[in-house]
Amino acid sequence: MAMMNAQQYRDSLARRKPMKVYLDGKRLDNPLEHPYIRTSMNSVALTYELAHDPEHAELMTAKSALTGETINRFCHLHQNADDLVKKVRMQRLLGQRCGTCFQRCVGLDALNAMFATTFDMDRKLGTRYHARFRKFALAMEKNDWIVDGAMTDVKGDRGKRAAEQQDKDLYLRVVERRSDGVVIRGAKAHQTGSVNSHMVLVMPTASLKTDEKDYAIACALAADAQGITYIYGRQSCDERKLGGGEASDIDAGSAAYGGQEALMVFDDVFVPEDMIFMNGETEFAGQLVDQFASYHRQSYGGCKVGNGDVAIGAAASIAEYNGVAKASHIKDKIVEMNHLNETLYACGIACSANGAKLPAGNFFVDALLANVCKQNVTRLPYEIARILQDIAGGLMVTLPSAKDWLNPQTGAILKKYLAGADGMSTYERMRMLRLIENLTMGRGAVAYLTESMHGAGSPQAQRVLINRLANLEEKKVYAKSLALNGSLETVEAAIRAGLEKIHTPDA
Amino acid sequence: MAMMNAQQYRDSLARRKPMKVYLDGKRLDNPLEHPYIRTSMNSVALTYELAHDPEHAELMTAKSALTGETINRFCHLHQNADDLVKKVRMQRLLGQRCGTCFQRCVGLDALNAMFATTFDMDRKLGTRYHARFRKFALAMEKNDWIVDGAMTDVKGDRGKRAAEQQDKDLYLRVVERRSDGVVIRGAKAHQTGSVNSHMVLVMPTASLKTDEKDYAIACALAADAQGITYIYGRQSCDERKLGGGEASDIDAGSAAYGGQEALMVFDDVFVPEDMIFMNGETEFAGQLVDQFASYHRQSYGGCKVGNGDVAIGAAASIAEYNGVAKASHIKDKIVEMNHLNETLYACGIACSANGAKLPAGNFFVDALLANVCKQNVTRLPYEIARILQDIAGGLMVTLPSAKDWLNPQTGAILKKYLAGADGMSTYERMRMLRLIENLTMGRGAVAYLTESMHGAGSPQAQRVLINRLANLEEKKVYAKSLALNGSLETVEAAIRAGLEKIHTPDA
Amino acid sequence: MAMMNAQQYRDSLARRKPMKVYLDGKRLDNPLEHPYIRTSMNSVALTYELAHDPEHAELMTAKSALTGETINRFCHLHQNADDLVKKVRMQRLLGQRCGTCFQRCVGLDALNAMFATTFDMDRKLGTRYHARFRKFALAMEKNDWIVDGAMTDVKGDRGKRAAEQQDKDLYLRVVERRSDGVVIRGAKAHQTGSVNSHMVLVMPTASLKTDEKDYAIACALAADAQGITYIYGRQSCDERKLGGGEASDIDAGSAAYGGQEALMVFDDVFVPEDMIFMNGETEFAGQLVDQFASYHRQSYGGCKVGNGDVAIGAAASIAEYNGVAKASHIKDKIVEMNHLNETLYACGIACSANGAKLPAGNFFVDALLANVCKQNVTRLPYEIARILQDIAGGLMVTLPSAKDWLNPQTGAILKKYLAGADGMSTYERMRMLRLIENLTMGRGAVAYLTESMHGAGSPQAQRVLINRLANLEEKKVYAKSLALNGSLETVEAAIRAGLEKIHTPDA
Amino acid sequence: MAMMNAQQYRDSLARRKPMKVYLDGKRLDNPLEHPYIRTSMNSVALTYELAHDPEHAELMTAKSALTGETINRFCHLHQNADDLVKKVRMQRLLGQRCGTCFQRCVGLDALNAMFATTFDMDRKLGTRYHARFRKFALAMEKNDWIVDGAMTDVKGDRGKRAAEQQDKDLYLRVVERRSDGVVIRGAKAHQTGSVNSHMVLVMPTASLKTDEKDYAIACALAADAQGITYIYGRQSCDERKLGGGEASDIDAGSAAYGGQEALMVFDDVFVPEDMIFMNGETEFAGQLVDQFASYHRQSYGGCKVGNGDVAIGAAASIAEYNGVAKASHIKDKIVEMNHLNETLYACGIACSANGAKLPAGNFFVDALLANVCKQNVTRLPYEIARILQDIAGGLMVTLPSAKDWLNPQTGAILKKYLAGADGMSTYERMRMLRLIENLTMGRGAVAYLTESMHGAGSPQAQRVLINRLANLEEKKVYAKSLALNGSLETVEAAIRAGLEKIHTPDA
């Protein structure tokens, strides 16, 4: 059986070679022991742990398309729309359990996109990447490994493309071509879960022009490969995790779980030939990016909905602690939170259910709806968080430190004066407020809000795709036909004749 | 072959007995010839016409669950989630073609709800309604008939329930019980497509208490039954349809199509026993209403999206006529229209794809998502319409009459001064503006806006159901577990133990 | 005493020479008797009538800056911020009374803008327009006349400027220069209240380049001048006004009042020298447009708030008729309507209170806030109207005709079945629903919604000005100083040194 | 000259008796030196410093109504609408300079409210509080002291009022009455700036019933009075301030400034008679609360607008650093930020300009508009912050620590790879991102977002007042008159007859 459990996952990471991880100005001797990293690893570990829970097996596991074995769904090549729907439901489940980013989707989305693009590349250009990538995908499944999908370059001057940058390294590129592989240099930003991964799948960050062949590189590396440096990103309120003990646990808001991003620097790293899946095929960079992005925009219709469930649960809980759960305006606000959260979920489900088979054999989401999904994710969680702060009350930002609670003198005062509704625990009330702070301003907000904004592409990226996929020409036919009293036959003919049918399911 | 075409449909309506239809203060001798009614019938006729178009057969037809025959999907008992998805896609298709309400969904939704509720009633109460209703449903299929789903009572004082009204008839009720049937009295408001229907399926309008047995009546009647009076509702700008000829066509905005609502009065109408499907079973009134409402709230995620496609097409078209199609703010507004419209569609698809089998054997939508869908329908089309008015420009409300256009003197002036972008037709520009007026203020707006608000239940009705279905208890478990650093085992156990799993697919 | 009353106003219009007014394909013999025009004149007449009501004298009248006499405020050159505030309050008052557009603001705004621009022109260019215009303004005051501010050209291809149009007449221009004046040709669109006016003040529609001297024409004409043709604009539901009698009154929603727009065509009209206030000074066209627009954008923070008060009153009334006035969600929605409406009012008041003296001596609004005001007007009334439709219930679009009410047979049925809350009048309920239809879809919606969108410039026009006036450079100083821990002295110095202080009141 | 400068203010605080201040579990020996407190004091110090800047004298100072001397405006009893407008502009100015809460408004608002309420109390009840309070106000002016307005009780079970709580101390109350004064017990939550204040003005937190006399206590105390304990509130990212040095400065986002809230516990504190301004007059508690709240809701239309200016400046700056300042969607988003921010400002200005004289002689804001102002403040800053995060890019939450920047090894990598637009400073880019993090998630967000939500009353509190002040009865008259075609005379009469005119300025 290929599936690791949580402990096996932790052990497997510990077996990596020493990695160069910097955090807060120092290189870490034992990265996995650092409280920021340890808690972020806890989130990832859930993806292993719940896969062994029979209650969740349907969502957490799948039958491999490559071997027929039962595998962790995070390694699965989607075979049908139901697989896509289950992916979203799995993500919601995990988002509910950890209340933050569990980091493993990016690899899953990269696997499926790379699988499809290598197939198309080979078919069109006669290259031989697909079989090679299939082998890679199979290994990931067998090992139940986590792949960091390394796409986002640091980009330098955003007004210029890769080849125009003053410093050519601002987009990751091939700096040397050898008979047995290539040497790459550059940096990938915002690498979610990278320090918690086994492998890295490097991909280009944008469409490329023909003079940008050196940037058209996709390849895999071990996370502990020679030449990779990780510089860990700070998160709002990260220091709450330091110190340890109950005070730290309380003030962190969510003691056990966290997310992770790092800047990943590739300082002339060698990649052997059999780990290269694109090398100079500039014309396919755009497709790869769009496919990855669409899969990943679908993902947000699952994980962020799970986080939203936590936010809603926190609202309902604090309303009880405060003694206002029955106020009509509170109930109505919670309805609104649910309405917004389920709207996101509907988008995640719809772009999955409307999925279609790719030439490579795996299944692709409805790209228009996946972009619509992500566009909503850049808005609705912010409104849900705003309502959550409304329901929480001002104490969420004026609450004294947990150490004041644990100090007997001030603790007695706080116990007396921070009492909520009769019969409710003041201690629990305090901890719930800290969770709400976490979700709307702290480490959780990094995942629930800012990552919702920029992960899988910033809002404008989705608008560009919505514009491209919305099939305005066909819609103009509808309007003109009605305005000019055209016959039904004419409309049908106009639609059939030559109108590009991008949005397949409705064409 | 059971499926009528458009002409057969028209003929079949003409064969009905003379109906008592009042409009604008007079009883109509030949209702089907009145311009309001004729154009509303054109919308319905599309549901017959497109069913014969091979291009649309997959959406417009289905294989009957009762006979295995190919039938019009509007008569179909949904057998799986794919049927539900296709229903929504069919509705979008029709909404694109007529730009207004095609009136036939209510019957389809009533059929499926009644089918399910009669089954449950029989099972629980030992009644024998289901077989009787199955026969009725089969007849509808075979005849390819339209059923008006008559649910909404006039309600009188909304602060009181049925039995408390001063005038007991303000909710439709049984006034006499005979050995061979019952006599009913009352009125159903907002009867969409009623004058264009063959049959009427009367249902209670709300949950009922045990002292309201007389109101717990569900039954079928011919639309031309003795004792039924129709009083036609006015629509904004309806008079534009009068007069006829080109001027009328132009100023109507959409010459061919329209919607229809009427007040339907039952003046002691006799219903034979075999047409009665609920009679006093007050405890099932609520379920019937909720099931019908959820199906119908799904519907709006299809038809209104189709209307939205027309609105978007009108925006893109008028931008071209005005010469501003390339302005970045115009393009961005059209992206926003698409984003909002596809968000509705996503909700329609999601509540369908997440559907589940009912005990009766037919398929039911995910009720939470269907209510979320409809709640969005009460908001987003208004914003789409607002943007459409923004893009249209002020001329949409200051444009002179089509008669001014047709008068040679003023026509020449208008032709000169209302010219738009070079090379564009001023005539088409004018007609497109009239379509936009129709969609945002006129007859089309009745369907696209106000009906979006109140059809299938007003916004608050959805909020009540979202509140009921959102499973707050489970969400509180997530939040409390994270806030209190509870173990995963505890969370899983808490969720499994006794938490009601209303929202099945995510439990 | 210079101030006319309502009857004197009507008489004065009747004394005009026969005007060429086309409506619905025919030239009208007696325009003022046509129901569309008569009801629009009623709205204007309120501006005369209320000026004689001592209760409203403070708002409706002012002490002339030219003569010291008491005059109608609609003829007043604003002398201080309080005048600007009172203008807004007067507009709210009138908007409450007629529930639509009372048409007289555009002249007031044109007077004040032209007064200021002619002064600046003379000062810079040595022209002699200001004294001439002062004389004109004085005559308007003395006669208590209405001036139609004729700015908006028909514009043809919006992707091109005036001089680039294929047909040069698509922007109004001078076609002949004579020793005693000029001859103009062109058309002004959307002329609010033009048929109800005594005079027309023609102005250019946009900034002009030096090769567009012929378009830099500002001048006054009598509304009945030789060569002017009016082609009346249609409004949604306008035909409800035809027929007359009670049925027409009921179905019109608002029987007495209406708005007015017409296309105004200038077919080689001669303008004598002393009525010309700009003639070729292209560099001042932009200023005139901006000043007029800012004044007019302030206006919308008054009149539309008054219309909003009617909408709110209608919501509160229909809630009573329906028996739901005490439902918490209904009350909350009415709070939201008030919140939005008062937000508009706050913008109207603020741009007035923050006004500043112009070189010409009259007072100007805070242009940034006036544009912000209008930008909100393009959004919030749409949301208020949406909520109003929510509260109204579906009957507002399915209500039978008033003729059905007046027909004894159907009338009895309607009286029985359309009853609302106990003790409420069904007749009043029906009429209130018609008012709501009027305000959200009918003639009233033309004024309350579409005119809110496009009157005084479409939304994008305000965004261009907000961008120009927002003083980003100063704001960057604040941010950089905080980010870089700059000293207070540095910030203050940076702000003082050379940063343009556009937004005077906060500099 | 009564006005202190910044240094004098700091010295004056240092002269206070040792105060009992707990923070992070320990009693502080020297509170003013703690980095959290020191930076919060810097914000307050600005109110002293800028008062001595001639450029800002008009806003920052006023002529005392009590002495005619020039005083700091924060001690001023408003004498006219212009004073109210200047208050708002002063607050915007300060908000621009510190980018957070400067804490001094609450005292100003409490002074004006208490001044008015004591007058009304004396007049109605024959008490003699006003002269006493006048003396207190005079002392504050003369000393240029800061007054903490202590209103918000901890409230316990929010479903119960003061007298119903299990623990009677959960609302501050008189526990002993002596001949020379009273002894009070209880706690005030969220005490903004309390540790930076000289005096405390205790007030009741809500309307009171006649059985709650012990809670109807208003009185002044020295901030260092015997028996007061302060427990300092945590803020998001507060620990960034610890450690000191450049790394701490950078990561704090805004090095110099901060806000402050503390829980203030009154443990049987004695208040001498001459410092008591309400003692048992339950019927005036509600008025005092409402007046204070309205003044304070006006305040937010100034300070949060200033914070918004910083947010907008940060958006414009980071867009430049990133090289996207000219992208049309970025420019449009900045326009939207300005539009929203100026909408708040308009509300602040409008409720001031519409102010009216109180019986006590000082000026009061338009309460309806002040509540509308605050209601917008609970929404629009959240949207501004959301757009700011959109423009900032994901790096704002994945940026490595400043210590990584300062470490030569990682510093070189960051310098290379975090480069932005050509010619821009990477260091400045990093610091601007930290400011944005501060404003949207960190200490600044406490002030700009959560305090905007709950300060001066949570959103529902404003809705209650909007409902009370909106004069629905008058609005119903408008609607009914139009719907029923009522004569103007009737409307005017209906409005005059007995309709309460709450919203004076528009009556």
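By letter and in written order, the chains are A, B, C and D; residue numbering begins at 1 in each of them.
Note that in this section contacts are C-beta pairs under 8 Å (C-beta built on N, C-alpha and C of every residue); 3 or more make two chains touch, one makes a residue touch a chain.
Here the structure is a predicted model, which means the values were calculated and not measured.
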For this session: Could you run down the chains that neighbour chain B and chain D together?
Result: A, C
Problem set entry | Result of counting contacting C-beta pairs for A-D and A-C, higher pair | A-D
Seminar exercise, completed: Max Cα-centre separation from chain D goes to chain B
Exercise. How far is the middle of chain C from the middle of chain D, if each middle is the mean of its Cα atoms, in Å?
Worked result: 38
Exercise. Between chain A and chain D, what's the gap in Å when you average each chain's C-alpha atoms?
Worked result: 38
Seminar exercise, completed: Per the C-alpha centroid definition, the whole-Å distance linking chain A and chain C comes out as 50
For this session: Pull out every residue in chain B that's touching 2 or more other chains.
Result: 329, 332, 463
Exercise. If you look only at chain B, which of its residues touch chain A in the complex?
Worked result: 46, 49-50, 53, 55, 81, 85, 89, 92-93, 96-99, 249, 253-257, 309-314, 316-317, 320, 331-332, 334-335, 338-339, 342-343, 345-354, 368-369, 372-373, 375-376, 428, 431-432, 434-435, 463, 466-467, 470, 472, 474-480, 482-485, 488, 491-492, 496, 505-506
Exercise. Inside the complex, what are the residues of chain B that reach chain D?
Worked result: 328-329, 332
For this session: Enumerate the contact residues on chain C facing chain B in the complex.
Result: 22-26, 152, 154, 156-160, 166-167, 169-170, 187, 189-190, 229, 231-237, 239-240, 247, 251, 261-263, 265, 322-324, 326-327, 329, 378-379, 382-383, 386, 389-390, 393-404, 406-407, 409-410, 413-414, 416-422, 437, 441-442, 445-446, 449-451, 453-455, 458-460, 463
